Each structure stands twice: as C-alpha cells, then as structure tokens.
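One chain, chain A, appears in both complexes that follow, with chain B as partner in the first and chain C in the second.
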Partner chain A sequence: MAEIPYRSKELVSELAHALQEAAQGLPPLSLMHVCGTHEHEISRHALRQLLPKNVKVVAGPGCPVCITPASAIATAIKFATLNPPPILCTYGDIVRVPIGRGSLWQTKSRGAEVRVIYGPRDAVRMAEENPDRPVVFFSIGFETTAAPVASLLAAALPKNFLIYCCHRYVPAAVEALAADAESPISGYLLPGHASVISGYQAYAFLPERYQKPAAVAGFEPVDILAGILSLVRQIQQRRPTVANCYPRAVKPEGNRQAQQILEQVFDRSDAAWRGIGILPGTGLELREPFRRWSALAHYGLEEEAEDDILPGCSCHLIMTGRRQPSECGLFGKACTPENPKGPCMVGGEGTCRAHYLYPEPEDV
Partner chain B sequence: MSETIRLAHGLGGRLSQELLDQVIVPALSATPDHAPTLDAAVLLDLEGPVVVSTDSFTVTPRFFPGGDIGKLAVCGTINDLAMMGGEPRYFTLSLILEEGLPLEELRRIMNSIGETARRAGVQVVTGDTKVVEKGAVDGLYLNTTGLGTRRFGPVGPEQIRAGDVILISGTIADHGAAILNAREKLGFSQTLESDCAPLWELAAAVAKAAGSHLHALRDPTRGGLSATLNELARDSGLELVIEEAALPIRPEVAAFLEILGLDPLPIANEGKCLLWVAAEAVPASLQALRQHPLGRQAAIIGRVEKGAKRGRVILETQIGTRRVLEMPLEPGLPRIC
Partner chain C sequence: MCLAVPFKLLEVSPDHREGTVAMGHSTLAVGLDLVPEVKPGDYVLVHAGMAIEVLQEVEARETLAAFREYAHLPGLLAPEAE
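After this line comes the complex of A and B, so read on.
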C-alpha cells in the first residue's frame, strides 16, 4: 500500500501510547463524534482497538442520510408520484432508505421518475435538459452541502427547477445534545468537513456553557487519534476548550463566504431529526425571495406524516450513542445492507453499515 | 458489405457467410483442421487430464485503456484454465451481436481476439454468431469455452495448509479502476490502465519453481481480493491473514480510488494471481514470479493460519489493528468483465 503520512504506523502507535497514559486513572469516558465519515474511518481502520479500556467513542447523529426524517422521504415519494409527475432527483443513498411506505427506490421501480445525481449542479443540468418538465431536487445534507446549494439558488436557475430542502445545521444539533442534562457524553469529536464551513468557534458553547471538551478532527487515523487524545487530555486537565486538531483544513471563523451565502438564502428554524425529534435552530428554511424555487410552495403541498422508526429498529438510539449496532435485535439478521430496515444500514456514512462491513474480530 | 450489423447477419444466409469470410475467420487465422466456421470440432491431440472452463463477457465500455472486450475474453478464458494448472490449447467463441453494431467495431474486437490468442498459443476451434434486435444486448456479448491439458497440480483450496504463505503476482485493483475511470468519464489520467493479461506462462513458471509446494492459484477478478480471499478461506476452511501494508498498488490507482472514497480490496484485476505456497518454496516462487514480465512486482501479502474461526479473512491494517475482511457487499462496479 502507498505510504500515507497520516496513516503512519509509528505515529499511530505513539498517539495510542500517549492516549493510554492520558486516560490512566480517569473514570469511564464516552466520547461522541458527529460525523458519518468519522465512523466509517474508525471502523475501516479498526481504530477502537487502540483505545484505552475506559475510553469509548460512540457515533452521534452525523450521517445526513440517516437523520433525514421519514416525513421528508415520504414527501419526496409524494412528489415523485404526482400526476403529471415531475422528475425527482436526489442522492443515491437517500433513494434506498426505507420508511413505512417503502423507499424512493421502490417508487422508482413502480415507474416513477427518480434519478440519482452526484451533486446539486447535476440537478440544475437535468432541469436544463428537460425544459418541458418540472425537476424537483430533493436536497439533503449538513452545511457542507447546503452551502453549494445556497450559491446555486442565489444564481440564475432554469424556470422548471424546484427544490425540496431538508438541510440541517450541525452546531445547533450538538448544542441540543449537550443541553440534555442526562447525556452521558464526556466530550465531542467535531466533524472536519462541516467545520470547514462553520468554523470551530461555532462550538464555543461546549466548553463555555456545558463545560464539555471538544476537538475538531480530520479523517485519517492520525487525525482522529489526535482529536481523541486532545479530548482525554482536556478531561484529565479539567480545562475544556475547542481544540483544532485539523488545522490544515479548518479555521476558527470558518468559511465566511459560505456562511454569508447560507445566511442570505436560508433562515434557521426548528427541525426534525429522524427518530430524535425536533432540535431547535437546526433547520435551514428558504428565505422569502428564494421560496419561489420551493417545490412544496409550487405544488401547494404540506409535508407528509410518517413514523420515523420501524418496529424493532434501534437507529434512533444508535444515532444518539445510547446503543451499539450489535445491541440491536435486527442488526445483521433481519437488517443487512442488502435489505436494510433502518437508515443507519443504508449509506456509506451509516453506523450500522460501517459496523457490518468492517467487523472487528472477537478474538483480537 | 454494409457498415453495421443487421439481423440478416445472424440468419445463416449469404450475409452470415460474408461476415464469417470477411471479418471473423481472417481475424482468427484458422488452420484447415480447425476452422472456426464449423459447428463442432474434433480435437485429436488434446491430452488429458483435460481442464475446461466457460465464461461470458459483457464489459462496458467495450474498449478501455489496456484492452477491450475481445482481449479480456481470451485472457479470462486462459486464466481460468491456468489457475487449475491447465495449459490452454483451444477455445470456442460465441458472439451475440446487437443489430446496429458498427462493423468496424466488430472487426477491431475480432482482430484483438485473434492477436491475443496467437500470442498466447491458443486457437479458436468452433464458434457461433447470433444477432439480436437493437436494445436486446449492449453492443456485443461474448461467450467462450476454454480447453487445455493439466500440466501441474492438483491445485486448489483443498490443497491449502496452515503455514502456507500467500503471494500476489503484482499490483491490485488496476482493471476495476481503469474501467471505472473510462466508463464514468471521470477524466483522471490515462495512465490508469487495465492489467488484462494471460497468466499461463507465469503460472507454469511458478509451478516449475515450486513443484508440489504450489498449493493453489486464483485470479482476483470480480470482487477483487476481498471476494477471492473469502472464497478460498471458506473453501479451505482455514483463516487467511493479510497484511494491508504489503499489498502492492500503483500510486495512481491508490490516489484515484482514495479520491472516490473506494477501498481497493474489492476492486478487480484481470492479469494478476494470488498464490498459496508452502513456506519452503517461497523464495523460489517469488524469484520465478519476478523474473516474468507480468510478475515484477510480486509480493508476499499474507499467511494461512489454522485460526480461531474457520473460513474467515483477517486484515492486519496498515496502522497495526486487525479486522475481518468481508465479502464485498453489492456490485460497486457493474459489468467489468
């Protein structure tokens, strides 16, 4: 394999050693990351094997596909089945997420026009190539994907382009989690990508209001271990702060230009996270001049009602770090990547899928 | 002659004969004994034990850096025989053509089949051509059956022993990466090339060097190393331990897959083989591999253990942790062969 410095065995081993030392004598710690890519990389590199016995890293609601409420998927299905039908385009993973009434994939297999795209520009191109038909872009994701969408909406768009927005803002969600007095989480590993946009100062509330340590981390083994080490040291020294362990990408103030365009296009609102409930200030709603692109407004529709969690599924507990995939009765049996029962088994950022794909041997 | 394939080309009449005479037969340089125009062939000189293998080829795109569907079909057939110790001698060739396929494209593919077969010393002895309506297949599909004589062995998962060393003849993931780049028009460097190649000579060279210490060979095609290693672990009932850091990979392939967020382990090769060799024969085997042009980057990548749990593959990651290497989940890359 090509030598990648951030995967150096020596550096990793030094960090793991430092982590063992820092954690000595501390009570059991539960640290939460809020990024699906963190979970994927932690599992792929089997990083949990290097953690001290008293340090646990759990996954929070960091997978944008997983946290998209069932009502939003139901509404997207509604759009796809209107008569006459628009072209509905969205990302591959969300198409396969199951809800009570099926999935967008099943809707497509019954003849609806659901097209998979790789980025928001593809949706605009699809509208340009099909000028006679409305094109509804079902747009999901955190500030990382909301920012490029905002810049598209602020520019010229084809008349037949419509958007159904379900974007969510991460810092407000982390605050909602930290505000829970019963939360067992001792520190937060902050998402590298999303923090490129928001900046790490956006998380200053963690040490200031909740006395919780925080560290922004990148996605290579060395980045992730450095972030965990920072959290454990902050706990050991009782000096919570927001540490930047990903300085090659993340700035304190973030990307001002991206923030401005987000601010220009979206208003923050209270919004639902699948199985978790309404989290204040986490929604991104289209502001007035941009509502003319709203698919809901165009068709005069309300969002559909739909249950978030199917019977037996533990995704809501897994996304809040209260249960591990292996503790779910469906995991690996009734629920597999080929036949997912909950959103966490579907996409590349889902916790259950990562645990299924990259199991650690019981006898390490 | 018309410029595209028509349904009449497959009806057995005058146009069919023209297609055979002008495009198919010349490319295959038939000998009088074995004219590929015949419906059946008698093979007087094929010694036993006979090794036989059949395969179909549907890759898209049909032309890609490093090869095309024709070369792929010949190499794939040869390699399936070679992995069983079979020296490839003859093969059959069935063409299923889509109405409207440019004749020039068929000519290029036939020439590629002929050229690859000639170089590898194998011969088409019988064949068939069908034409189907536009849309019924994508351009053309090929089916081959290869025949050869077993020159070494038996080799296979049942011969693998705890203590065996696992070698690979070269870099991983080349074919899958090249196809993905070509098909999705991702526009990465054209140095991403399929490794499509016939492996009989290489396999024979290792067999000569290792003798009965060569226990098994397998080419990691669809599903890459992940699939092939899991199959051999299951069929041998042993545990295979792979060192991630030891896997040879071309830097451009590694970078390409890294950018797309793809793990190279489930990505296909078409010109590499994995070898299971008894420890005492490892130096001789490695030397034999590295002396062959297709094996210059051969490497030791793992070992066979009795294992706590039978039939599984353990990956020792490059950072020093261990995890189970699972079968690839869904087909990440449709129609790569």
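After this line comes the complex of A and C, so read on.
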C-alpha cells in the first residue's frame, strides 16, 4: 500500500527534529489540545515519544461525550422511561456513559426503547418511519454536530419529531480556560474539525487578549507535529498568533452557511460541562420558533439533577489537563472500556480510553 | 460520535439537499445543506451524516510542501506572520 503523504516517516522525522531544535533552552511547556480525535491520534501514533523532554501535550475538554453533564443523561433516561414511552435515539457512545442511576444502555435492557443512530438525519428518518410514536432525539456535540442539526431544524420535519439538545460551542470554552489566570497552559492546539465551522479567526482572542499561541491542526501525524512546532516557535519567538496548519479544510472565516444556520436556530447561553461547571457562552439553546421541537417543552419537563462525578473517578481533572489517566486509581483496574466508571473511558474520543488502547510507558 | 471523514462526492440530488459519497467500495447518502457550492467530484468532509466542508485539493498539496520547508526554516505557518 502506498504511503499516505501526511504520514510520511521522512517528514515526521524532519518535523520532530525541528521541534527538538525549537524547544532547546525553553522552560517546561504545557500545550493543550481540545479535541478527542487529537488525543486518539496522538496516542495511536505514539507522537508524545517524539516530543522534546520539556514539551508536554495535555488533553483538554475536547470529547463531546465526556463533557455532556450527568444531568443531561439523567434527563434522557427520564424521556426513555415515560409512559407511554417515546423512541429515544442518540449516539452509540453516549448510551454507554455511566451516571449514578445507570446508563441509557441499562435503561434499554430494562425495556425502554433506546436506539443508536449515526447522525441527525437518521433521527428524522426514524420519526418518518414511526409516524404514530413520538421520537426524541438526544442531540449532543460541538458545533460540528450542532450545525447539521440546525440545518435539519430549519427545514421541514415530521410532526412526531422531538429534540433534546445539549450542544456546546468550543471557542467560548477555550476562552474560559485561557481566562483562568492560574492556568499552566502555554499554548493551544485548536480542533481541526470544530474550526471548519467556526473558522480560526474565532480564536483571535488567544493571542490578542491572553498573549497565548494557537495553531489549528488536522489529524494526521504530520498535521499534529506541524501544529505543535508552530506553537513552540511562537513561544520561542514571542510572537503569539493563530496559525492555520490545516488549510485544506479550515478557512479563516469558517463555513459561513453553517454559521448562519447555527445563528438562526440557536441562541448562546451559559452551560454546564461535566465535572467542570458552568462555562459562559458555551451553550446552544433553541430559539423561540424552534422550541416547537423541544422535547422538554412538549412533555413539560425540567432537566433532572444528577452528580457529575462518581466516587473515585478523576474524569473532571483529566478533562482539564490537571491529572493524567495513569494517576487515577480506577484507570485500567476498576475502569476499563468494557466496564467504564467515568465518561473518559467510554467513547472513541475519551482520553482514558485512548491511553488504555495505546498505552504510554507511564500508563502500564 | 465526533469523527469527520473525507469522502469523494459522486452524485448530487436535483434539490441539492442530498448527495452520494464513496470511499473505496462503500457508498453513503449524506446531507448537503451546509455546502451549497459543492459539485460531483469534489472531496467533502462528512460529520454525523452531513457534509460540513468542501476539501481543497490545491491546499492539500501545497500544505505538504509548506510543512517540508517549515521543518528547515523558522516560520510560524501563520498567514499574517510569514
């Protein structure tokens, strides 16, 4: 099989060598990415092995399944157990996330109708195919998922379609992290695909307001190393900016069509991130004309209360880069992909799951 | 759930709301509401069953050359800084 150019061994080693040179003489640096797929690819390709000793890359709250508050999952369980029950559909990894009262999957095993879908178009199709039953779509995810959802809500929908939205907006969350004066993070590797929607200019506040370097990166080894190299050179040259290392997908202004539809359907609000708390401006609430599709409004329900973090779980510390999976007492013992105790061990983008599947020396 | 995958767009429906994409021998129907300018033959980034952007072939090739040069010159890969 031909070598994928963005995985070229030769280019990877040239970038790694440049990184060693750029980092020479710099103090210890902690760089944060905010994308579960970055964590997965960094772990899968063992890219941390190529980093200079004084450069650390930590995972931020970039996994949408992990940051969905326990109260939202509890509310989805409530929908699934109504009498008469609607069909509840959502993504395959959120159904396995444990909270105090179990998971959606366990709710299904007790007879509730919980169905797994790939995307929002499947939820609409499910409503079309079951016209005599309400279908509640438990919709989570960042702007990459919220924009497709908004485009469907802005078009014609079957009458029995209902949505319970729990979307989050990444740039506002990165701003909340950067605004923390005690944050040890010296630069941000920005999420390639969320930035496709928002554009990289949405992160101009990082160099302008917080003097923090930023680089949008794609997901192949060469993309990720180029992004990290850009961050280290920005620090070395004291020239913070937002570098675009993923121009084949990300435009400065982003996808305008997607932004317009997002703006038409959703209003920004302060919203909770699991175990982290309320982050200002990160929530996406349905605007008035679109509340006719709201499952909460339809059933006259409020969101349930539920504790985010189960005893012994460190997910809230791992999602903010303050602890590594290997430093959690449950990691790999009581908490495994087959029997997860916290959200970071569940989905393909969870930090603990990535470290369990592709262990670093300290994870073993 | 949060995974975007590049595909080649084969066909576009007459109302331009749906298209067929392919990778290898697999095909998939995807929504096109967010990429009004797309045409058959383009590569699209698909996320949760919807195309969210048209990928730029020229940029894809130029970036590789830029990265190669970048490994040997002290640039920042930032348009305003170069």
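In the analysis below, the second predicted complex is superposed on the first by the 358 of 364 C-alpha atoms of A that agree within 3 Å, B and C clash if a C-alpha of one lies under 4 Å from a C-alpha of the other, contacts with A are read in each partner's own complex, and residues count from 1 in each chain.
One rule holds for everything that comes next: a contact is a pair of C-beta atoms (placed from the backbone, for glycine too) under 8 Å apart; a residue touches a chain by one contact, two chains touch by 3 or more.
Please read these numbers as outputs of a predicted model, since none were measured by experiment.
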Superposition-derived comparison: chain B or chain C, residues of chain A touched: C
Touched partner set for A:Y358, first chain B, second chain C, both or neither: first
Touched partner set for A:F142, first chain B, second chain C, both or neither: second
Contacts of A:G348 with chain B and chain C, given as first, second, both or neither: both
Touching partner for A:N244 - first (chain B), second (chain C), both, neither: second
Which of chain B and chain C A:V196 touches, first, second, both or neither: second
Touching both chain C and chain B, counted on chain A across the two superposed complexes: 348
Residues on chain A engaged by chain C in the complex (per definition of touch): 5-6, 11, 14-15, 17-18, 22, 36-37, 63-65, 91-94, 118-122, 140-142, 144-145, 147-148, 151-152, 155, 193, 196-197, 215, 222, 226, 229-230, 233-234, 237, 239, 241-249, 252, 255, 257-258, 261, 347-349
Parts of chain B lying in touch with chain A, wherever the complex brings them together: 244-247, 249, 251, 254-255, 261, 263, 308-309, 312, 314, 317-324, 326, 329-330
Touching residues on chain C, where the partner in the complex is chain A: 1-4, 17, 31, 33-36, 45, 47-50, 52-53, 55-57, 59-60, 62-64, 67-68, 70-72, 74-81
Residue ranges of chain A in contact with chain B within the complex: 1-2, 7-9, 12-13, 43-47, 49-50, 221, 337-338, 348, 356-361, 363-364
